[in-house]
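Okay, handing you the structure first.
When the chains are written out, they are named A, B, C and D in that same order, and each has its own residue count from 1.
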């Protein structure tokens, strides 16, 4: 690291990359990045070129000596890296579209994070991530792996359990988003709000909220009961909550909790939208992305364009930059990330991934002890953790039965028979991106 | 205990009582019961008289000096008792009928153990049980409380957490039933089968099965996949299982697991039955009970009648007698009961109730260590435990919001809005048997 | 708190008070103390007056509107308090002298923190602390209790287990002292050093050391092996360590660990000193204190005098001020304090006190998760925790057998017979300050 | 196993073997042993022949078709084995003599189980055991390894952590001995006594005692206080206990606890004996063994001779036979053995070895849940567990520093300097039986 850091971004052609580059430029004084390698696969080469050229213009405009490399050669990029971030999407948006629409055919929400869609995203992503880990062990064993490919919780679980890379963190923008939403709801500067968060990825709860140091959790729960429909994310229908339910829950649900606590209404909403317009969230995102890349291509553009903030993934790259900065500088500030539990949340295995507030040190994030989660919350968290662990095992083994088990125990799937139908349909649809399953299927047939 | 035991049965007018009496008669040599007090409430006096007289005839026929007392005075009965068993039903079968039918109106399975129906059964039962506990502390502080009133897991949880009576055991006939079913499926004598069981009440899993000491878990899972429809209980539709799901699960589900792993099909089945015949399981049971009491009334009857075995609750009283016998005689044999976890199942609080294999000693049941449950199973178990704990708290506090929380987190209920509708409807329907809620409702209105 | 904080210091006549006052003066901008009540017992009235007058002169010199109250009326002082600090010593230094010298008569180190001396300090102190807690519940239920009366770990354990005051923190100067010592050994500014600490009070280990963010634990262990005799505290003989022992230990011992890992040499050292000079550490401190109070009395003195830093307890009051400031301002910085474990260190009960790095919030300190302590360290930590818990129970019950048990399991005491001799001798010597034991003894004799 | 079991006894030339053979003969009906292979090393060949011939005469007298094989070829013996028992002693009694006498030179008790002597016994034994495990993985992967080579707890810990053989049980005669002693003290038939045991090997506590099902723990503790000197084992001086200490302890200590709770008196006793007679326990045993082998050689002897019972290790082989019988027949009775904790004792890692009451099944022993040990007991148990784990690591790595660490944290060793002296002296004395250390020492010197 003597003369600056080597950073590698896998999935460098992603539309999020300009945010990352902006973050690195803003922090250059304390986070001296010498080289940024943007890596992608052949199918993504065009996007890589577009976004990479924008990155180069941005760095040039900033007058900084950060060298941008565009490459399809992952191993060359990884050699000697200090930080590796991953933001790729196996099968691109077309795959996400299937993740969301196929389950709907069987009356089940697709949900691309912790639902049936998330299972398939995991099945496609985990083998690739573990492959990257194997490369890292060989080429940059001391590097940190910062993952913000979804499902980030399942992926972190898989890396912790099935690879020897333990310097890994999973990132999500939900924690920052929740804080922003609360600030907006209270109509105050986000800096005045503090939020204690704990749970799993896309399954995190706000245990306490403070405004200028005063506890206001009950007030926030009351406000959410009154105007819950304003408290969501770009990609999630902002259905309102039953006020008494929130009050007894005693913790702030994240926007994704609607899928579990309002399953019936969310399903109706998604079916309605699907039937009427025939569009899924994936299709909306696809259109947004195309527009973004048209903007990126403009030669005159040399900063992050405003339009990127319209995209659902706001704060992702900001979160990544803040994290890397705090690790590199041993800042010991507190950020909410996905890491090894290590006892922080009672009753969850020490070696499982959780999403919790952590003190960020040179040795990585260290969770602030949570102790016992609220009783009513704990069961659902454990159910998703069971799902994540079973799904990760299915991804690693390519075993059909394990995948069926994961699908059946998912709280959005309402029977083993439905699970089997969805599974079979999706295995066929994603065949090209699931080589381990293709192999085991063949073996079974032989 | 010097000159024999004093036993008290609360809900003595139950149709199960003859089985209990038969068990005591058969064991008299090692379990010398001096007095059996059958206690009931005024509404149950007629049944108490019928069943009590049959009990007297049975004892006389056996030529044993067991004195049978029939009384409506619970405190007199409890004074100086050695063992207290509870098998009462607040609101009788009419209440159960509502527990099962009201949720169906909203497209939700009623399920009178761990479903919305079970929540209401708990809300009605727990205050009465805790009242009995208060009497016991005063009148028979050294007695054992053997509960087989459902929901037995939730009730045991409530006694452990909200009373000072710690000598308590919850009993269920599912464990014995599972063993019997497996023996039948294998076409072997049940004595040759051993089953390691762990989980929660009506949520217990067979972790291993042995035939003559040989492990045959995989064989049993395969057979269940092939002919699962034969492997159920009288009161649960025997829908078959997806073979690969069972194989990956790696543990024998109990008949009640169909409600959670086959929710869609079970709901369709129940709706179908309800629409076509308009009858719920409660109504079937009601008719069976009436027939039984007609038989009990025959003066010539002086043994347990065959017809009792047709009733769903087979083995209940047998289980109770075996348990009491092993405690009294410090037998150190193994029985599956509901007790304080104490670390037996990892990740469940030490002071929560679990249903596990226990060594039965003079000091009560001591769980055989389970360690970690299979990953895929653990999440659902935790979810039901969260539900049980929240439900127990609602029963004790009579708090509307807590009851709504319990209803919403129940895995059979698919949204907070549906939960509120079912809750409001059921609170009204059961008003007379929920005095704590009536009180808090009034307070809220005032 | 609207118009500034009310602070109460019990044992206000302590020689440490000027440090506390200085700390409050320095922080007035962010920690607006309106009133500081210095409370003491009649025997300490003279010292209270001397130190209290100095405090008044210091505040006047600083030109701040902090009102200093001197009182023997504890209940008046506590009424409406925001923060209560305790730094009293039941039986004064004369009692400490006995704590240290009596065990030596029987060939055992006295050790006034976690040794036989610490047991007696706990037996005298805990009933008084619990009495204060009872007053607080009544008079200032929302106040924080910041204790730096030793043995701080045992006292915190007792407050957590035997009182309803849960807003309590135990403070010690060992963590800061270790950091200072390491900085001195490395000859660097202490600000550049970071230390991860975990364990129990006076039994804390440095798990990692960083210099400017770089891990240097091994270097520090090597240096300690080479020149360990420089790495101690004012009151502990700086005997050197076996280098290979330190290397395999892999964690930085605190100065007090010499009593446990070098028992033989420490005992010889203490016996030698005792025989030759007849003086214990208590006597040295006594002389230092007299000199300090002479200085304090000088009317011209209106700042904290230099001589106070010579005293063993450096940094104590500084630590208290930093802690109070961070709680009041929700600073979320990291400090090492004694709090409820809550799962931070695996294998120690959630409701026991531990000394760990904590994030300091408005809700109090939240431990940074430690996970498993190094294997070799864990056993000794557990042994001291067993001792602390048994000692706390003895203090609360006044039970002779429990006190004998605590004495026997202390790692410095080498048999039940020796334990009994020391116990009997010390019970007699401290009779006046152990009313609970006097009572139970009388009962036993009657 | 179709036509009877193949059993292998490593250290077959031990003087205990006739007890084992007698046990197998008595149980032949339910435990049909086809072949018993007695394996030894060349140095033990003479003893192997003597004891093996006696075994053959015993089997012949019993008229049973058990084939006895005597061999120095361990791999041949292991091939296809069903049960492997180990009872060897690396370095024979001469090594034990050094284990006990060298520490005494430095004023420290040798203690060949959990003391400095036990450390060295572990360092010699564990590499051999792990070598046997490697052979078993290859030659009889489904066999059970029943170890009664001391230190059995440390050896079981090492097998569980450092080999893939998980079907392993450590056996000790202390549990049976405690029951016998209590029966003798009460002057009742041992069959009437039940004892709940939990802790570690040679560090086990009787948590409850029952006589005919009635709890009599307090009575037994009182009697032990009155006449504790009768309550010991052949090889441990029966020093009495302080009655109040026992009463507050609330649990029955095992005879070995005297080393930890009466260190001073035990040390004096051992030094006294050593100085006066110059004999250690090892030397006494050596003489007893010689006498036994003379008896064994008599051609007319064809049963287990009475004299064997005089030897300290009574009940060892009986315990082994009972255990094997219960595993083979899935008896589900309760025996006290050393196995993986799996959560049985709270606060001890799941994958560490503990000595607890277990239900013995075809799948091996399953611990009865203990929950939390009594507070005062827990600390010492953890300290010995830390020692065992550190010692096992030292044995596996052959690392000097780790061995020094283990020696220093042993509760019988009173400083790092003393530890180093004993370690260096013993490493030299046992050089021939510690090849891993010889290697690392050489490396360090190079």
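Some notes on this structure:
As a working rule, a contact is a pair of C-beta atoms (placed from the backbone, for glycine too) under 8 Å apart; a residue touches a chain by one contact, two chains touch by 3 or more.
These numbers were taken from a predicted model, which means no experiment stands behind them.
Among the remaining chains, none touches subunit A as well as subunit B. Of all chains, the one whose CA centroid is most distant from that of subunit D is A. The centroid of the Cα atoms in subunit C and the matching centroid in subunit D are 43 Å apart.
If you average the Cα atoms of subunit B and of subunit C, the two centres end up 53 Å apart. Multi-chain contact residues, meaning those touching two or more other chains, occur in subunit B at positions 372.
Across the assembly, chains come into contact as A-B, A-C, B-D, C-D. Within the complex formed with subunit C, the residues of subunit D that make contact are 241-242, 244-245, 247-249, 261-265, 347-349, 372, 375-380, 382-387, 389-390, 393, 399-402, 404-406, 408-409, 411, 414-420. Contact residues of subunit C toward subunit A in the complex are 194, 208, 210, 213-215, 329-330, 332, 334, 342-346, 350, 359, 362-363, 366-372.
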